[in-house]
Amino acid sequence: MAAHAERYRDVGRVLVTCPDRPGIVAAISGLLFRHGANITELQQYSTDPFGGTFFLRIEFHREELVSGLAAIEDGLATIAAEPAMGGGMRWRVTTPAARHRVAIFVSKADHALQELLWRTHAGELAMDVRMVVSNHDDLRSAATDWGIPFHHVPVTSTTRDEAESRALALLDGEVDLVVLARYMQILTPRFLAAYPDRVINIHHSFLPAFVGADPYGAAARRGVKLIGATAHYVTADLDAGPIIEQDIERVDHRHQVADLRRIGRHVERAVLARAVGWHLEDRVIVHSNTTIVFA
Amino acid sequence: MAAHAERYRDVGRVLVTCPDRPGIVAAISGLLFRHGANITELQQYSTDPFGGTFFLRIEFHREELVSGLAAIEDGLATIAAEPAMGGGMRWRVTTPAARHRVAIFVSKADHALQELLWRTHAGELAMDVRMVVSNHDDLRSAATDWGIPFHHVPVTSTTRDEAESRALALLDGEVDLVVLARYMQILTPRFLAAYPDRVINIHHSFLPAFVGADPYGAAARRGVKLIGATAHYVTADLDAGPIIEQDIERVDHRHQVADLRRIGRHVERAVLARAVGWHLEDRVIVHSNTTIVFA
Amino acid sequence: MAAHAERYRDVGRVLVTCPDRPGIVAAISGLLFRHGANITELQQYSTDPFGGTFFLRIEFHREELVSGLAAIEDGLATIAAEPAMGGGMRWRVTTPAARHRVAIFVSKADHALQELLWRTHAGELAMDVRMVVSNHDDLRSAATDWGIPFHHVPVTSTTRDEAESRALALLDGEVDLVVLARYMQILTPRFLAAYPDRVINIHHSFLPAFVGADPYGAAARRGVKLIGATAHYVTADLDAGPIIEQDIERVDHRHQVADLRRIGRHVERAVLARAVGWHLEDRVIVHSNTTIVFA
Amino acid sequence: MAAHAERYRDVGRVLVTCPDRPGIVAAISGLLFRHGANITELQQYSTDPFGGTFFLRIEFHREELVSGLAAIEDGLATIAAEPAMGGGMRWRVTTPAARHRVAIFVSKADHALQELLWRTHAGELAMDVRMVVSNHDDLRSAATDWGIPFHHVPVTSTTRDEAESRALALLDGEVDLVVLARYMQILTPRFLAAYPDRVINIHHSFLPAFVGADPYGAAARRGVKLIGATAHYVTADLDAGPIIEQDIERVDHRHQVADLRRIGRHVERAVLARAVGWHLEDRVIVHSNTTIVFA
């Protein structure tokens, strides 16, 4: 943790989404240069150089960052206010020395949770896991063994709203990101509105898709050869939010439904960990229902 | 071609699907041994050792195969007639020295056709491509350059039945397998009934699936990170037949719809070639709507 | 654990390596059938049907297995004694209800250990981890948190023999398999002779190989695009024993040496877990310096 | 071809390698903006923001590019001449409307050649294949069928220098890039000096490496599970030049040496095609013995 703060001391990131027009890179890189910042990583993408949307992620180093941040932010605000932007530029500056504060929601399956906690412990995920929240009590020690508070918030069909209120109260002011690590409850629009583009979910995926109550069974009955997982931001349109990351593993006819589920777990934990890692490093920009991932 | 015939001289294959019960492997391997056959490859699979379905593929070598085949087939018929089988055993013996005779159906895209012809030429696919059939004339030279007859059978909404009759007449007695290598017409149940489990198709697939007229566009709008392809046997239930093989390639936000299509082509040709190869080597057994692939 | 014993009650496995000749499958499957065993899985491979070596793995179910084992073993011994075998048949029967007893050796890195313990806990690896042995004390709690005895056996250049004797004494009669999960000491031929084909190691691999003290640095200086890992049985010829499993992950120029090491850890833990799993299920047969893996 | 020229009309690329220091991106993006160029793609990388080497690739669009190129080049020369650069900045501007002119060298194997020609034909590789050169006559029609001149330049141990002179004469003024598509002769330093960082080779690779006369045999005897290929720029240090791309395919114990070679061919053609494609799009920058690949 101290190592993280040390590594990212004086490091900042600029994230910009705006209408594409000539001169954006020159304007922002010039601004940073004038304020003593050295660009260490720059990625950009334009959906169409002629009238499309432009995305920019810059990581920079500036001595005594704290004393220069306000001027950089003022400069970005000035660029955003230029008439050529037509009011359509969104921007933010982040300081990664302060790690994201995260709540992990789980139900009974522990694979995704264990992976996230192990990678955090190994220094691979720069997050401060503030709490684990679950609608069951099963995974309490999986959290508390790592010294992380565990909150059991039961959910029943009649207590859904009340339970969600309780969860929101636990999170309030405490976390920047919610990771659903096989949390088997549906969040309401109210919850999602409180954390826009900041709730990440993981779920199984197949080629082609199998919908309904028993997707692994349906996949087995069709003889699928690949088991996949998709990590995405949660939107009100269930399981149809912008995709952050996907991957698959091969299977064959010898895999019974239980095997498919087991392999699905391995894909899920790897995909979720990568998606969360990119989010924590401010590498994911949501645009309509897609993501720009500056991996 | 001569090399193929030489390599597979005196090689036979036994394929069996039957109710699982103790003693099947002993009965069939004993039969082969008594008739001078040496098993060179054996694969089996049971959906459930207690009351499930059993699948067996044996490749064997027998000196002067021709003179022993009838006795082996008689022996298999006798086993199939045993009361314990309850009449549920299906079996066949194939002799790979005689290559499968194949028709390839195409429309305008040449990638899958070129791959199949190149692999055939390179000795990787043991098939005798008897003809290329297309509803367009564009790929004529792609076939005739390799010395393969090309038949242009136009299809319009009013001539569909007539066109299909013409295609069936071309195939009749000439081919054992039909490969749809990006053939953009739908085959009728009449056609499929003539070639049960012997029409292989390739189509794109995504995690999750995108249905409708513009799947690549829909995939791009959701930000998919994988482009896949599925090779399957064609059944009357469009694009829902038993899957033989699948694979994917990674993409990211920089891939425009045209790039996704290009990458899709690469996945399609590789997946189709693998599926066809396994079929030609009698490695694929269809069971309900799944496949057993003894790859 | 109880679930494991229940699932494998009355399950046995036959493993055979012998000179290939006609009739082997018939003889052994006939033997099993006569003794009431139902084959549930059978895999075979021959290096050459004419004068090569034949490998067979059969998993079978037999009611009251205990009462039938001796007769099956007698039958196998009789087959092995046939003149046609020329004394060259090796065979064994295993009963998976009794899980393999395993010692895991580690040094300071915990990734491979954590993965093995998590998969064991999740029921994916059917092993009884009897102890963790290390030349350092760092990973004590990683073992004891899961209730597994931890033995700190320091090794210095002057105490190597003594330390190894101490380790051998800990293992004696207690374990069937030794897994080196990033154990950074070299085992002597004396140790390896006590556990032939029963010490599994994991190490990094590259395309091409980079030898010497700093392989990740050398790989970075050449611009490699893949980081791999190889799991193999340990022989006296350091890191050149029969390979069980390999895999890779993609990297690019942005990955610094520390990133390559981190990614290497992920590949290592996945590859080691798969290799150990196949060993535990008696799916790996060593032949000269190669492996037959009936995965 | 016309489509290519149309698509890239008025498109330019700037490629820069220089000592890293603050302000580079601002200087170059400012220059482009002042001269009417709109950045459509920008990638940068620094080995170390403090005293490392900086790499930049910018693709831009400028109306009437021809009339503005000289001014942009002058501006880059001015930046390169700044004292802060210490004389260490290398840069170039390319205009992709003019496709690279390429010679493909082959021996007897056609897989890599066919793939390159098919992808060129399909519009996936933006190159003008000026000639195929071979030390054998076998692949003449593979070239001439596509309308490409074929030159048979036999090489024997006594005519090596003379043959190479003949090849150099064929290339002189005609090509910008030489692709060795399974060309089994070693090029001399004289040849390589004429095409620095412009000769791309493909060769098989394994984890670990197997050196000597029979690498596939050695790999089989160790039981490798992955077959790989490496595309790299050729340097005087045989097969040790900077790596552009690598990939692998899985194999198992059933693959005989001939199968490994066949699978090796598939990996080789895919890896070579990707490497050539990135080179053609100016996405590869050589740095010491590594590559920066802005894929």
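Going by the order they are written in, the chains are A, B, C and D; count residues from 1 in each one.
We adopt the following convention: contacts are C-beta pairs under 8 Å (C-beta built on N, C-alpha and C of every residue); 3 or more make two chains touch, one makes a residue touch a chain.
If you want to know which protein each chain is, UniProt gives these names: A, B, C, D = Formyltetrahydrofolate deformylase.
Values in this document were obtained by computation on a predicted structure and should not be read as measured data.
*Asks:* Could you tell me which chains make contact with chain A and chain B both?
*Replies:* C, D
*Asks:* Comparing the two chain pairs, does B-C have more C-beta contacts than C-D, or is it the other way round?
*Replies:* Counting C-beta pairs in contact for C-D and B-C gives the edge to C-D.
*Asks:* If I average the CA coordinates per chain, which chain comes out farthest from chain A?
*Replies:* Centre of mass proxy via C-alpha means gives B as farthest from chain A.
*Asks:* In whole angstrom, what separates the CA-based centres of chain B and chain C?
*Replies:* Here the centre of chain C sits 36 Å away from the centre of chain B.
*Asks:* Taking each chain's centre as the mean of its CA atoms, how far is chain C from chain D in angstrom?
*Replies:* Using C-alpha averages as centres, the distance is 42 Å.
*Asks:* Two or more other chains touching the same residue: where does that happen in chain D?
*Replies:* none
*Asks:* State the interface residues of chain D toward chain B in the complex, per the touch definition above.
*Replies:* Counting only chain D, the residues touching chain B are 110-111, 114, 118, 122, 124, 145, 262, 265.
*Asks:* Would you tell me which residues of chain D are touching chain A in their complex?
*Replies:* Where chain D meets chain A, its residues are 21-26, 29-30, 32-33, 36-44, 46, 49, 61.
*Asks:* Can you name the residues of chain A that touch chain B in the complex?
*Replies:* Against chain B, the touching part of chain A is residues 45, 205-209, 220-226, 228, 230, 239-240, 242-248, 252-254, 288-293, 295.
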